[in-house]
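Common to both upcoming complexes is chain A, partnered first by chain B, then by chain C.
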Partner chain A sequence: MSQLSHHDDNNEDYPLVIKTENANTVLQLLRAINFSEMATVIGSPEGLRVVVEEGKCIQASAFLQSQMFQEYHSQDDVVTFKINLNVLVECLNIFGGSSLPGVAPSLKMCYGGYGSPLSLVLEEASVLTDCNIRTQEADDTLEFNFCNTSVVNKIVMRSECLRDIFSEFDYNCCGVPVLEILTSPDPPYFRLSTISNMSTSDTDIPKDSDMIETFSCTKTMRQRYKLALLRPSIKPLTIAQKVLLRTDERGILCLQFMVKMEDNHICFVEFFCCPEEEEEIE
Partner chain B sequence: MKFRGKMVDITCIKQFSNIVSTVARLSKICVLRITKEHVYFIIHESGAVESSPGLWAELDQGHFFNEFHVEGVSQEDNQIFLELEPDKLSKTLNSFKTAQPAPRSLKVKLTRKHSPCLTLEVELPSLSVHARTVVHDVPVTLIPRRQWHVYQEPEMPQFDSSVYLPPLRQIKHVVDRMKTLSQHITFSANRRGTLIISVSTDVVDVSTHFKNLSVPVWGDDNDTGGTHSATVDIKKLGLLLQGSQINPTKVICNIVANRMVHMFLLHDDVTLQYFLPAATNT
Partner chain C sequence: MKCTIPGSNIKVFGRAIHSLARIGEELYVEPYPTGVYFRAVNSSRSAFASFHFGSRFFAHYNDGSGGQQSAAGEEAVKCKVSMKACLNVFKSLVTLVRSVERSKLFLDGEEAKLGIQFICKYGIVKSYNLPFIECETLHAAYDKTSCTNYIKSQAQVLSKAVINFQSNQEEVTLCVSSNKIVIRTFVDDVPDPGKAIHTELTLEAGEFDSYNIPDDCEVTFCLKELRAILAFAEPINLSVASYFTEPGNPIIFAVDNHPMFESTFVLATMAPKSNTQASRNKATDKHTSKPGNGQRSSASPSCSQAASWMKTPMPSTSGLKQANSSTVRRSEQITNISNRFDESRARLSSPHNSSTRGNHNPQLGNGSARHLSTQPVTHTNNVNASQLEISLPNLDVVNKVTEEEDVIPGTPPSKRAKFFFRRCFESTFDPTTVPGHDRILASDSDDDS
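Presenting the complex of A and B:
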């Protein structure tokens, strides 16, 4: 991507300027993580990370690499701000998100720095929409310290597999239903069990299933997660092609979704979830 | 007082039914005015600007009815005013709209059963010689002559700006998104064919600009050239756009600065006027 073109514009004054011919890719990714109202946006020269959290237990983040955009201009230091994601999504969708391929509004997004609004200019079929969304000071985002070295079990699979299982759960079941994820080098290898007051149900996925691409488990891990907390992961599952499921020694679940966009760019959405406390498990 | 009419063409029956369902979406009660030449649906909103109606729909009798006979109160006042619940009429008509095979004819009559009724008689195709007829009665209330003045034809408001709207579908998408952001929407237009629809809240300002729209030519030039705007209730506008199954050939939007938005939906045989009073004087 030529970075020379931005010299023509007066964009130098802005800490963050983004241009793309297809606003729908941004919309699609942001929608996938829109389970909570507020989002933290972190802009760096590598790209834009949008982080959504709820209850200090779950975090989802979408990473929009700078290569995704026709123009991406960010000052060297990192810019962060908090924004109403619901409003941002509505603004990006202002033209109704035509389902026809090739018909998409172009987008220019500017952020003027601390205290200034996020400005969007969308254009489709010579109709122009201006949006100015107020920003807030960013809070610290949760740091899960999830590093590759502490990962014990790792499974790469096609996203349909988890999507079908996750969408069939009864999230409104009586009590507080939990999902137990068992990953192990020994049989049953990979088992998802839902446990509620009234019932438990197990789903086993054989490790040589077509759905599973890579299976590397070194230790038997059995962790419980509140079903309600996992529910927001359905949205990214529906748009992703592949999903990487990892658990580390502390039992934190990390789902990484690989999303192939219309323009063949690959984007990643990450989803972290804390396990239920050990003592609750009988 | 007598009225009877007969529709034969299925497209006319469908069109009539679409108009009635549009009316039904907008209000619980409407007034049906029948004259020799036209049939009118009128929604009167109390407290509206200059006591104008909310909706004034004018249907050319000759287009819809193959047979049409009306006898009013007297020779001089050869017209009938009825009050009815458009929802009831709409439900009845909708059942014929989708009926397979299509009905042969639809007769509409003013009858006196236990109370005054608008009777709809539908003749369905039958294999035997005996016709199959379905009769629906929609109760109506006759409006006495002393109240007629309330439902007189509205005068064209003294508007400040006037433009032809882009396709309603396009407007609808934008308005639907804006509806989630704010309760009020501002229409601004000038005589150069620019229409700006915008919302403004604590969180976000969004404005969509439509350029190079056609400008209707009105006899007297009362457009001063500037941009004029009026802010209206977005839900009411949404109802109008949602219910517009009439596919008008042209839509004119007239703006009375700070007082009213007047929509004029033109169709070969139907004209619909919609009066949206300004919500706030800004």
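Presenting the complex of A and C:
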């Protein structure tokens, strides 16, 4: 933190100030949810939540806990704004995002409150970059009302398991391919099926497989989701270590990805997806 | 049919599917007691690929012909499945090799589906169901043994040679002589052959494992299919044998790893230039009917012309039949002329410049052209054509073409037509500036409105 400290003058005036030695962790998480252009940033004393939505059907959010930053300062009340995530990711990657561990720019990010831009100061090898990204008034984010009490089935598994399966789907298949997720306390326990015009496929994962860490299903749930809507979950799957798959009584799917960062911090990315309407099946 | 592929053979099997997918849109599955054939043929029927996996390739094999007790005559179901769906199953070979322990394939005749099941690590089971259509055997008539020329080399030798050609190069010519082989690009139908990229490379006879060329010979065939077989053979370090006789007869590439598997690719070669007029007409017909901006089909028309050796259960396209009767030929010539007349008239009177080559003007050309060509050949068609010749003395280009047609029956190749009518394709060309554009020489014989 050499030159960045010069900018320390009036931190207290900003509703949101973040400093980190490693901007790549932020970059990595934001990239994982960058399936749509605009993102809503919600800053609270606990940390920063970046929410991306599409078509009122899917929502992905990355939670950057305050502990993963060297300095995290947020006013007591919640700060929200909307920002172009493509631009933010591009700015964070301005030094080219070296893949070597330990070589990463440091970042200071300030937000001056309603109407002001988000300013980023990135420094790598004494090269400073200032970026100002305009912000917009935040819209309400989708509220899935997904609470723990209504969760019916819960499976914790290693991410490779889902990654291989999800990456093999033929998303461009003609028609509207859907994925049916079956979770049940009885055989076949956990089955992912794709149904498209061309073919059908079933993938059975036994509940005692080494890939599955926890399997707790109380009720047989069979829900269909559009494959295209699930596609954005591949990105967080590739960086995650573990995945928690939950469905509630309404069939809403929640995938929670546990991502272990370079600096051993653990972050979470959440992905919600609405099921297809029952009437549409058959 | 039921069979089990051990994990060690998944990769080879997957590569075979990838290779077949480069040939055709449909995968034909034909089980026999000794093994199963997977076959594909391309849309213009100029390339045929066949993979045979012997029962030794599988950990377990049952062709399902009901060997034990049921009727002896009962044959195993033969079918075809969508190549795209099948390719998707084997999409990522890397993942398959990493995760799959063994794979089961079965044909379910009752539900008309091809089942593919992967038993993967960690107890994961993936099952795919591909609906199939029952069909007859796909069979290409060829005979390796009667081919006079035979060369065999490691797949690497050929693939290193082929890699030098541009990826969009469609055809290559293989020139063989007693001591060396020259592979060069085949350039045809290019307005300016001087501008096309020509690649030529020589392989000495010594580079081949077997070399038997009694007579010098030149065969031209599509590169795409050759690449498909090399992509299969190269990673497993097998040798590729080629059999061919003369231009116009198929060239056969074979990879043999008996008794595990063997594969044969049969490619049409271009017929020699001095072909019958009828076939030339056919070829050029095909050319002109293609939209100008459309993709070129994988095989050139003359390639598909030469593909008449292919016997398939599907209805063969008329382009494959040799039209030798002189009456047919003459009527074709005349329809050609009348088509041309319509085409040129459409261009002249069309208010906007049509930029698509060879497409009839939708307003004028199509209806009347169809009408003329289905009409029995009458005198009026010829009159129309000659009228055109007389009444448009200013248009030299039109004259030239019609004159040429008087001398050489049959249409010129489309590229040449484009050359002659070049001005019509220029964006600055305004048909209304052409003298006599508003004079209708012959009204539409068929009133569409």
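A few notes on this one:
Here is the rule we go by: the second predicted complex is superposed on the first by the 273 of 282 C-alpha atoms of A that agree within 3 Å, B and C clash if a C-alpha of one lies under 4 Å from a C-alpha of the other, contacts with A are read in each partner's own complex, and residues count from 1 in each chain.
Going forward, a residue touches a chain if its C-beta (ideal position, glycine included) is under 8 Å from a C-beta of that chain, and two chains touch if they have at least 3 such contacts.
From a predicted model like this one, the values you see are computed outputs, not experimental measurements.
Three-chain overlay on chain A, with chain B and chain C fitting side by side and no clash. With chain A used for the fit, chain A forms the apex of an angle whose arms reach the C-alpha centres of chain B and chain C; rounded to a multiple of 10, it measures 60°. Of the two partner chains placed by the overlay, neither chain B nor chain C lies in contact with A:I155.
When the two complexes are overlaid on their common chain A, residue A:S209 makes contact with chain C while staying clear of chain B. Of the two partner chains, chain B is the only one that A:D130 touches; chain C does not reach it.
By the document's definition of touching, of the two partners only chain B reaches A:V87; chain C does not.
By the touch criterion stated above, A:L16 is placed in contact with neither chain B nor chain C. Applying the stated contact rule after C-alpha superposition, one finds that A:L179 touches neither chain B nor chain C. Minimum C-alpha separation, chain B to chain C, in the superposed model: 8 Å.
Looking at the complex, you find that chain A touches chain C at residues 161, 164-165, 167-168, 170, 173, 198-206, 208-211. In the complex of the two chains, the chain C residues touching chain A come out as 82, 84-85, 88-89, 91-92, 95, 99, 122-131. Those residues of chain B that touch chain A in the complex are listed here as 166, 170, 172-174, 176-178, 180-181, 202-212.
In the complex of the two chains, the chain A residues touching chain B come out as 84, 86-87, 90-91, 93-96, 126-134.
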